Amino acid sequence: MLNIGIIGAGRIGKVHTQSIVNYVRTAKVVAIADPFLPDETVEWAKGLGIASISKDYLDIINDPAIDIVLICSSSDTHSRISLEAIAAGKHVFCEKPIDLDVGRINAVLDALKAKPELKFTVGFNRRFDHNFRAVRRAVESGKIGKVELVKVTSRDPAPPSAQYAASSGGIFMDMTIHDFDMVRYLSGEEVESVFVQPAVLVDPAIGEAGDFDSAVITLKLKSGALAVIDNSRRCAYGYDQRAEVFGSEGAAICGNDGASTAQVWNTNGTTGEKPLYFFLERYMQAFATEVTEFIEAVVNDTEVPVNAEAGLAAVLIAIAATESAKTGKVVKV
Amino acid sequence: MLNIGIIGAGRIGKVHTQSIVNYVRTAKVVAIADPFLPDETVEWAKGLGIASISKDYLDIINDPAIDIVLICSSSDTHSRISLEAIAAGKHVFCEKPIDLDVGRINAVLDALKAKPELKFTVGFNRRFDHNFRAVRRAVESGKIGKVELVKVTSRDPAPPSAQYAASSGGIFMDMTIHDFDMVRYLSGEEVESVFVQPAVLVDPAIGEAGDFDSAVITLKLKSGALAVIDNSRRCAYGYDQRAEVFGSEGAAICGNDGASTAQVWNTNGTTGEKPLYFFLERYMQAFATEVTEFIEAVVNDTEVPVNAEAGLAAVLIAIAATESAKTGKVVKV
Amino acid sequence: MLNIGIIGAGRIGKVHTQSIVNYVRTAKVVAIADPFLPDETVEWAKGLGIASISKDYLDIINDPAIDIVLICSSSDTHSRISLEAIAAGKHVFCEKPIDLDVGRINAVLDALKAKPELKFTVGFNRRFDHNFRAVRRAVESGKIGKVELVKVTSRDPAPPSAQYAASSGGIFMDMTIHDFDMVRYLSGEEVESVFVQPAVLVDPAIGEAGDFDSAVITLKLKSGALAVIDNSRRCAYGYDQRAEVFGSEGAAICGNDGASTAQVWNTNGTTGEKPLYFFLERYMQAFATEVTEFIEAVVNDTEVPVNAEAGLAAVLIAIAATESAKTGKVVKV
Amino acid sequence: MLNIGIIGAGRIGKVHTQSIVNYVRTAKVVAIADPFLPDETVEWAKGLGIASISKDYLDIINDPAIDIVLICSSSDTHSRISLEAIAAGKHVFCEKPIDLDVGRINAVLDALKAKPELKFTVGFNRRFDHNFRAVRRAVESGKIGKVELVKVTSRDPAPPSAQYAASSGGIFMDMTIHDFDMVRYLSGEEVESVFVQPAVLVDPAIGEAGDFDSAVITLKLKSGALAVIDNSRRCAYGYDQRAEVFGSEGAAICGNDGASTAQVWNTNGTTGEKPLYFFLERYMQAFATEVTEFIEAVVNDTEVPVNAEAGLAAVLIAIAATESAKTGKVVKV
């Protein structure tokens, strides 16, 4: 039985904790730390039988009984805490992004190279979604031949505040980064160059803050294949997360999940459910799978499903995309 | 080039005439007859270049230059005109039903036996619908194994008048007869017995006229397989015409056609088109195919797609169904 | 915090236990009993922190600290243990059927009348399925007008042994009982009469054992509306569980769940996922919801989602259906 | 009754002729001209009752009895024959493109300005497709709010020869031109700039001939909205023609047409039809509608559905796209 410490008890920290409690039998959450720790969080943690509840994440880093650390704290602390956890000999599950700065990501990679016995993963939860996985399996099976085009549609239900947009590293680092990883995942390829056609169509304040809320992003892959992502920060009908891989012998396509398969047929037409509202609804099962598969990788000493290099690769594409959006030119990754 | 005479210039007579003009190059409509013949019908027929336009159908029967007769007159004249046309040595396309009376249908079958050189077909247009044909092909291909259950949903957009219902021979002879033929077509089997659970749910006047407007009909096929039909005379969202064949290795299923594949996704959900409104919309192409395939069978002296026996078989099932609806019992066909 | 005892640690007992552990915070599984109790079950129960693990269910019935009993034992023990649990003052979640015998079900109902403070529910899990619930909500919302026809398709992936079929009370009591409840649930109505067209199409041994493996069942509801169920004990493509309610202003329809929304488009056509394999896959979330909602009803002293009368009603229809299958006649419920 | 002359009796000339014969009652095809005129074409034309059959298109231009000319000849003759027909006072239906050269298109526009009584249309047949029209209607209805993104997927079943590719003006002028028009049609907006990421993934010979066979094209519209087109010259599953318009309040989306709605459900999954094979199949009805609506516009003296300016606009975008593909830069239209 391995011991797990959770750093960060916000929304995603709680989701992961609950997943481990529900689905993992080979490891146990023994500690949680969060600088804010409102009473209800303390009560929630106690209810789950978590022994150590602290405001100081170093209580977890420094606890020799803890084997695995989940870093669910604010993004700007990810790389620093990763380094500390690695130094302390912990396996690390780090929420995305590892860092916005390539140097600091490389520092994490270097630290990992020095401790090959440690497992490290970055939380690209969409790779664990049943729909995207089914598309990837179809690609891998050879059913669609050689990959020629990857298409990703990714639209959030509602925009963040302009303030958040400004501090998040921008839409490409904050939102599209998942789609960049999805292109790599679905194609099994590296990205060579990127061109962005950005726009501010949803909230002018986001534009004033120097960011964009809409974009079409074209990517060229190393093999010569193409990819295209379309993003919007606001989608009236919910969270729109679709993908398509087109190849020499066919295509693999996935749609959204709705709350049910029910339809009403009447004079208005044939009406089905909207897509599930947002990432917690759509990816609930994916969050559970990503954590359980990481823990399995630790327990069985097998390869992690998403390694640190994937975390770096997506950030490098996001940096290139940000530059393309500014310059209006194709940028090499 | 064969010459065709059309008897009856109502809705369906016009549909067939237009189909022949548009799609058939090996035969020509040279005459049309209808006792009413309003001016606009005369003008329409002239516009199509039809040489002979008459109020007396005998002008067609007695014209030795005419090879093929399409009987699109009122139902109660079908068997009589069929007999006259056969006697005159014409190939006959007869709209359904041949007759409501088995004796008179048998008279037609006897007349045909005496003239094996003549082609005779009955207008079960749905057999020519692309959706039902695709289901039948799947069944024939063996993809679903041995047939175990045939399901047919058949709902009209709006009920007929109670007066029509009373004079039509009843719902089973007027409406379900198409579905009985569909069960035979999709299964490739004969019906052994029938049980009807009828209801008057749409228009009480139909019930007062001694008919029903809703029904669930269960059939047992000769092989032991089952079939079930559900009917309604009123369907808020249009003409609902679906079928399913379930077999030992799978199922073949078809849905409705809509005006387009377009969907609107918004806060109301994901909304597609209604089914096409009624039989002229849904079966327009099927009407053309049924006429052109019959003419091809005449031209090439090959088997007709729907023979007279099929016309008899459906009527026999309808008679049994009518009795079951009255007695509440299973009735052998 | 209420204490729960689980009687029966077979497949469904384990499913419910796990659901409570995962999702219920207001009650706790403190005891489990099963006459067989293999080592792995003991280990599994210990792993979940269940304090009392016994071969004798009376250890649960007689434990005054236990508030709620889940009866997941073999069907022939349901009514007896229900009575014992009620006598001991426990709230009872009883798997379906309460009993095959109406007298014994009535005994349970009588016992409950004498203790109105106790909650009792019967495990019709499909009422908690997201698809059927969405259809029911559409019906309740008035979107489809007055109910005229309920259609239920229910096909198991693989037949039981003929031996099981013989001892199960027959297909209508064992399998169709869920569909009878579904007709009541979706329509909100009582069943007046039933006609069954049964068949043995899957396994002759089932027929030799006196049971059927296929059937079309027609029901007349008290309002005059109709319902139809089609069943098969073997479905090549998995567990086929669909429903449709047709009304005066439209229809509400639900399909199956697949493992994903992914499709492969190639020269074979456009191919999506099969339905989920069987009830554990399809109804996993429904099982969790049914248990959590029952426990909520106990905790909050509100109405249970499926009451004992529903358990009786479905059995009464199953008895009538069994008679109809034997006699070939319509049978009043 | 207006008289029509058809110039060019290739595939598309024949399609239009047949559509007029089948569906148009207010005009008549009286002449056809084609420099090749094989015997079977002569026979076909005679069979349709076309009086004048000639190898010289000037027989049509110079015939004062002819009111309307359909230019279905090879692309490099379109503008010249248009000018001649306009000079002769004919209404003109010109297949796309009017010309590859902007100067020559402008010459046609100038000639039309001098004869405002003449109707001129360019054959962007996809605007008459039921699916795209339904999407456009949804956009116009306001159901999806303000347009933010237009997506067009357009894939041909099989690539042309490299020789054809080289002489066609390139993929953007030959194939994508339809998609450029579709972006204008669906959005109701003008294009401001274009960026192309081209690739040669299907046939290296096409690349050696200086053309591309795959591309992702990003467009910026005058309003600031975005558009994206993905093209391939080869699609294993047929002709893939889909569109989506995303707006502030929702999205309107259309898919392909298949030969039927039938599906086979078996152990392989749930398999539906492929998209229809190519443009003749998919757009057969659209071709008929475009010709009949143009003739109606002439007969009723109303606005043509696609004017000459639309023909110019699409060519201007294609020119910009061609330059972007060469330079790798965003190009203003």
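Of note:
For clarity, chains are labelled A, B, C and D in written order, and residue numbers in each chain start from 1.
Throughout what follows, a residue touches a chain if its C-beta (ideal position, glycine included) is under 8 Å from a C-beta of that chain, and two chains touch if they have at least 3 such contacts.
Keep in mind that what you see is a predicted model, and the values were worked out from it rather than measured.
Traced through touching neighbours, the fewest hops from chain A to chain C number 1.
Should one ask which of C-D and B-C has more C-beta pairs in contact, the pair is B-C. Distances between chain centres, each the mean of the C-alpha atoms, put B farthest from chain A. With centres defined as mean CA coordinates, chain D is found 57 Å away from chain C.
The geometric centre of chain B is 42 Å away from that of chain C, both derived from CA atoms. Annotation for chain B: residues touching 2 or more other chains are 144, 236-237, 249-251, 265-267, 273. Against chain D, the residues of chain C that register as touching in their complex are 236-237, 258, 265-275. Listing the residues of chain B that touch chain C in their complex gives 144-146, 148-149, 151, 155, 195, 197, 199-202, 214-216, 218, 220, 224-228, 230, 232, 234-237, 240, 246-251, 328-330. Of all residues in chain D, only 21-22, 25, 47, 130-131, 133-135, 138, 143-144, 249-257, 259-267, 273 touch chain B in the complex they form.
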